[in-house]
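Remarks on the structure that follows.
Chain IDs A, B, C and D follow the sequence of writing; residue 1 opens each chain.
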Amino acid sequence: MVKFLPLKQAVAENLNNGDSVAFEGFTHLIPTAAAHEAIRQGFRDLTLIRMTPDLIYDQMIGMGMAKKIVFSYVGNPGVGLLRRARDAIENGFPRPIEVEEHSHAGMANAYEAGAAGLPCAVFRGYRGAGLAEVNPNIRSVTCPFTGEVLAAVPSIRPDVSFIHAQKADRKGNVLVEGIIGIQKEAVLAAKRAVVTVEEVVDTFDDLHPNLTVLPRWTIAAISVVPGGSHPSYAHGYYARDNAAYLEWDEIAADREKFQAWMKANVIEKGADDFAARVEHLRKAA
Amino acid sequence: MSDNRTPLGFTPNEMMTIAASRALKNDDVCFVGIGAPSAACNVARLTHAPDITLIYESGTIGTAPDVLPLSIGDGELCETAVTTVAVPEMFRYWLQGGRISIGFLGAAQLDKFGNINTTVIGDYFHPKTRLPGGGGAPEIATSSQQVYITMAQSKRGMVEKIDFFTSFGHGEGGDHRKRLGIDTAGPTLLITDLAVWKPDPVSKEFTVVSLHPGVTRQQVQETCGWVVKFAEVLDETPAPSELELKTLRDLQARTKAAHEGTGKGKAA
Amino acid sequence: MVKFLPLKQAVAENLNNGDSVAFEGFTHLIPTAAAHEAIRQGFRDLTLIRMTPDLIYDQMIGMGMAKKIVFSYVGNPGVGLLRRARDAIENGFPRPIEVEEHSHAGMANAYEAGAAGLPCAVFRGYRGAGLAEVNPNIRSVTCPFTGEVLAAVPSIRPDVSFIHAQKADRKGNVLVEGIIGIQKEAVLAAKRAVVTVEEVVDTFDDLHPNLTVLPRWTIAAISVVPGGSHPSYAHGYYARDNAAYLEWDEIAADREKFQAWMKANVIEKGADDFAARVEHLRKAA
Amino acid sequence: MSDNRTPLGFTPNEMMTIAASRALKNDDVCFVGIGAPSAACNVARLTHAPDITLIYESGTIGTAPDVLPLSIGDGELCETAVTTVAVPEMFRYWLQGGRISIGFLGAAQLDKFGNINTTVIGDYFHPKTRLPGGGGAPEIATSSQQVYITMAQSKRGMVEKIDFFTSFGHGEGGDHRKRLGIDTAGPTLLITDLAVWKPDPVSKEFTVVSLHPGVTRQQVQETCGWVVKFAEVLDETPAPSELELKTLRDLQARTKAAHEGTGKGKAA
């Protein structure tokens, strides 16, 4: 049953060295605060799963925390490449990293299958695509009615998933709205789910019945971290900090600049620092 | 912003975006890649195709952004959409379901058969440059009824042989798609900053059918890594109209203002 | 592109003798008015698809319109059996009827696969179930990663689907809310979809972004039929007419009583008669 | 409604519902079949298990109806639910996903190994009586962590051999589930109007562990189509408490009033 915990404790109780972990968010509601807490606690040998690894995985990879990355688009959204991830893949710095690469369709179906408790996802995909030749986890099944050969990928079932959401009610039910991405599936596919939220409200009684609400018993821990998805955005709360995405391109381009930035902005900071980072973005939301 | 950045009154990139926008019809359902495709799709919507359905892979269906999104998941896309669905539904019901008439892609590397590489330069397992990868493109390329591609020409981008088949176009040409059981049309249009290209009906090799105003065959060949085929009758792309240019420039100005506005006072 | 049409015309333009057709609604928003119009137009040799065939399929079967029924629960919800369907299955009256029976999970997955453009659905189901022995459309595929044998059923792709929804906007986008059942999938899986709605509003601009809205270009025709799902209910408009469900048990029990009821309440009536049937139920909604 | 319909002050059906309600815990996630299971689950919620999560197959999760629904898709279920999802999601993410602790089923025909028939009486292809069929039951029976069954006893209902395996219980008994690769516990509790039954740990045959107040072994046997096994130590089910009875009767009275209220003035 869900517990409301300070983020430090929520991360410590649910993440372990060697875990497979998804910090999900599809350009919206990216769980940056949770990722930074994981960086501060210094976990090692993680398998990082995410459709769109962006700044937070660039940071974790740059800090040497990842032994493997499972993804479908390893870019800085709207900006370009992820330079720490590139350094790891191209040069093995700061450590070699194993790569399992899919298409968005493959990852989305794999999360869906994970949430559905299935061992694999079946869909029409990867036709003529080079990934099918380099990723041994892209296989096929044959439709027993038409004979069509369909793609199959293993379902994604992380040890832990982290997401950021707009709000929880006092019982611990969680609302995600706007671009909901893959967050529901990431939570339901995981053995344990940790959610950071912008705020806690008394009840969800006035919500429309068909919104995306995760019942309290699907979540291990909730931490209240206003601004916790900066520099991405939280629909209804604050806008994206586009400047930070553009700046990241420069910061991550240089190994030393990267380390200095991480020390100043992550290692020596805490979850409480996020609220101030989105103050100037609240009007724009 | 000046209206006369070139002797013609518009830039090659503006011509590219506007030529691409003209290819879209009012009843198209368009799966929009970020960058040049996004600009072209929204210019179409703001000019001759007001009812076009624009879909971004973040789950936003029928969106009508006032500014161009920085990413495929900007809040503006959701706020103006007819509906916003989860990502698995987007890829299962909307793309795989065969509902997309035009998949609109950009490319880092392109070959003459419309195959695209956005994955790696060099060997996949020992890449010289690791690019972002395919994202939605591998299935956009095969599940959309047609694929339009837009990119600025360069010898580095338009190559004889791509390093990785991120998304399948016409493969080795001819009936290669059909042989793989892919029943969609694949790339039917390529719009560059210099020309409009269509695949040869039989070989499927991209062939220049129209040169943009002031562009020569030689310029097209010099910025392309394969030996360019030209159609027997070569059109000249109509120059951008005042409305088209104004629409595109206003859109880009609004976009620049909006994206800078969210920074911390620093230049983006 | 969607057309707003009188129901008579919407049915005539989209339904044909011999079609496979789904009139979907999961205890809520049952498209009764559309079904009655199809009865009045006297279509024959239909394959009737629905998870929960209830009164409307009992009526269509009793009128001899169905050559086959595909279903997962052939009952009168909360009341008991469907007596016209029984008469057809047990006695071949008024004509023999072919039966393809699934579980709810099987049908739900098959609609989902239809909406997703797949030839078949793959799920964990029918384990130890008798249906797997009597229905040749229940087959299996083997997971290429774990070796687990999973159930497979053909996707459902009706020639036509009919649903009832709360409202359309003037452009023809359709909102379904409350218990949304399988309606979105039924529409997206079909070659053509016809929707009856309670009302048309100017715009959907004020709707929450994550509600179930079917874009106008997924629908062939919309007909405005207030009360069109009576005796089932329309969330936000009127309550279920439970008495009508209980009465049906008696009406359908007798072949002649059934014919008399159909003549008086369907054949000699029209779509316009539905509004009055829900007047007394509006307060209770 | 009288409080004294039997010499004991409660009816066998009331005892059944209340005994079933007691088996549910506050942290259970219960997939609720209509009829007797629905009453039991809501009595549990209104007495000792206020936080129990009740799920109906129409997509309503965490629902708290004030009256018992007539069907699994009443509006009341949606209005009081934590969230309402589409039916494919219900069966994929919530049931198949392994999130249901208790699947609560009724039965038309039941055998001693907890196999249920709600499909046909007689041969499947030439049925004597065509029943409604399985609905959600085939997968509820195998995907829920445990299955509870509740039904009023009768020789017609509790039979040596069911006519059709709508939902698989323990099959032929013993490790039959395991042999089919089914890793959930299956039927672990049967509550009738006369007794509480549990499966034998080895044979998996349902065995009477508790008789309801005033019920004799003979009555149980006379209303059961198989030779009944009784536990060595046989408990007596505690009689309904005042609170339990009042809760159930109030719920049923509210239900009756609500369902009649929507008719056209005719008796339901």
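FYI, a residue touches a chain if its C-beta (ideal position, glycine included) is under 8 Å from a C-beta of that chain, and two chains touch if they have at least 3 such contacts.
If you're wondering where the values come from, they're calculated on a predicted model, not measured in any experiment.
Asks: Does B-C or C-D have more contacting C-beta pairs?
Replies: Result of the comparison of B-C and C-D: C-D.
Asks: Centroid of chain A to centroid of chain D, CA atoms only: how many Å?
Replies: About 41 Å separates the centre of chain A from that of chain D.
Asks: How many angstrom lie between the CA centroids of chain C and chain D, rounded to a whole number?
Replies: So the centre of chain C lies 28 Å away from the centre of chain D.
Asks: Give, as an integer number of Å, the spacing between the C-alpha centres of chain D and chain B.
Replies: The separation of the two C-alpha centroids amounts to 58 Å.
Asks: Could you list which residues of chain A touch at least two other chains?
Replies: Where chain A meets two or more other chains at a single residue, that happens at 112, 116-118, 123-124, 148, 178, 180, 184-185, 209-212.
Asks: Going by the touch rule set out above, which residues of chain D reach two or more other chains?
Replies: Within chain D, residues 78, 84-85, 92, 96, 143 contact more than one other chain.
Asks: Is the way these chains touch best called a line, a ring, a star, complete, or other?
Replies: other
Asks: Which of the residues in chain A end up touching chain B in this complex?
Replies: Contact set of chain A toward chain B: 26-28, 51-52, 71-75, 77-82, 85-86, 89-90, 101, 103-105, 108-109, 111-112, 123-131, 134, 148-149, 178-182, 184-185, 212, 233, 235, 239-247, 280-281, 284-285.
Asks: Which residues of chain D touch chain C once you look at their complex with the stated criterion?
Replies: 34, 57-60, 69-75, 77-78, 84-88, 90-92, 95-96, 119, 124-125, 127-139, 141-143, 164-168, 171, 176-177, 180-182, 259-264, 266, 268
Asks: In the complex formed with chain C, which residues of chain A make contact?
Replies: So the residues of chain A in touch with chain C come to 116-120, 122-124, 137, 139-146, 148, 150, 152, 154, 177-178, 180, 208-212.
Asks: Looking at the complex, which residues from chain B come into contact with chain C?
Replies: 27, 29, 53, 61-62, 78-79, 81-85, 92-93, 96-99, 143
Asks: Could you please specify the touching residues of chain C with respect to chain B in the complex?
Replies: Contacts found on chain C: 1, 112, 115-118, 173, 185, 188, 204, 209-213, 215, 217-218.
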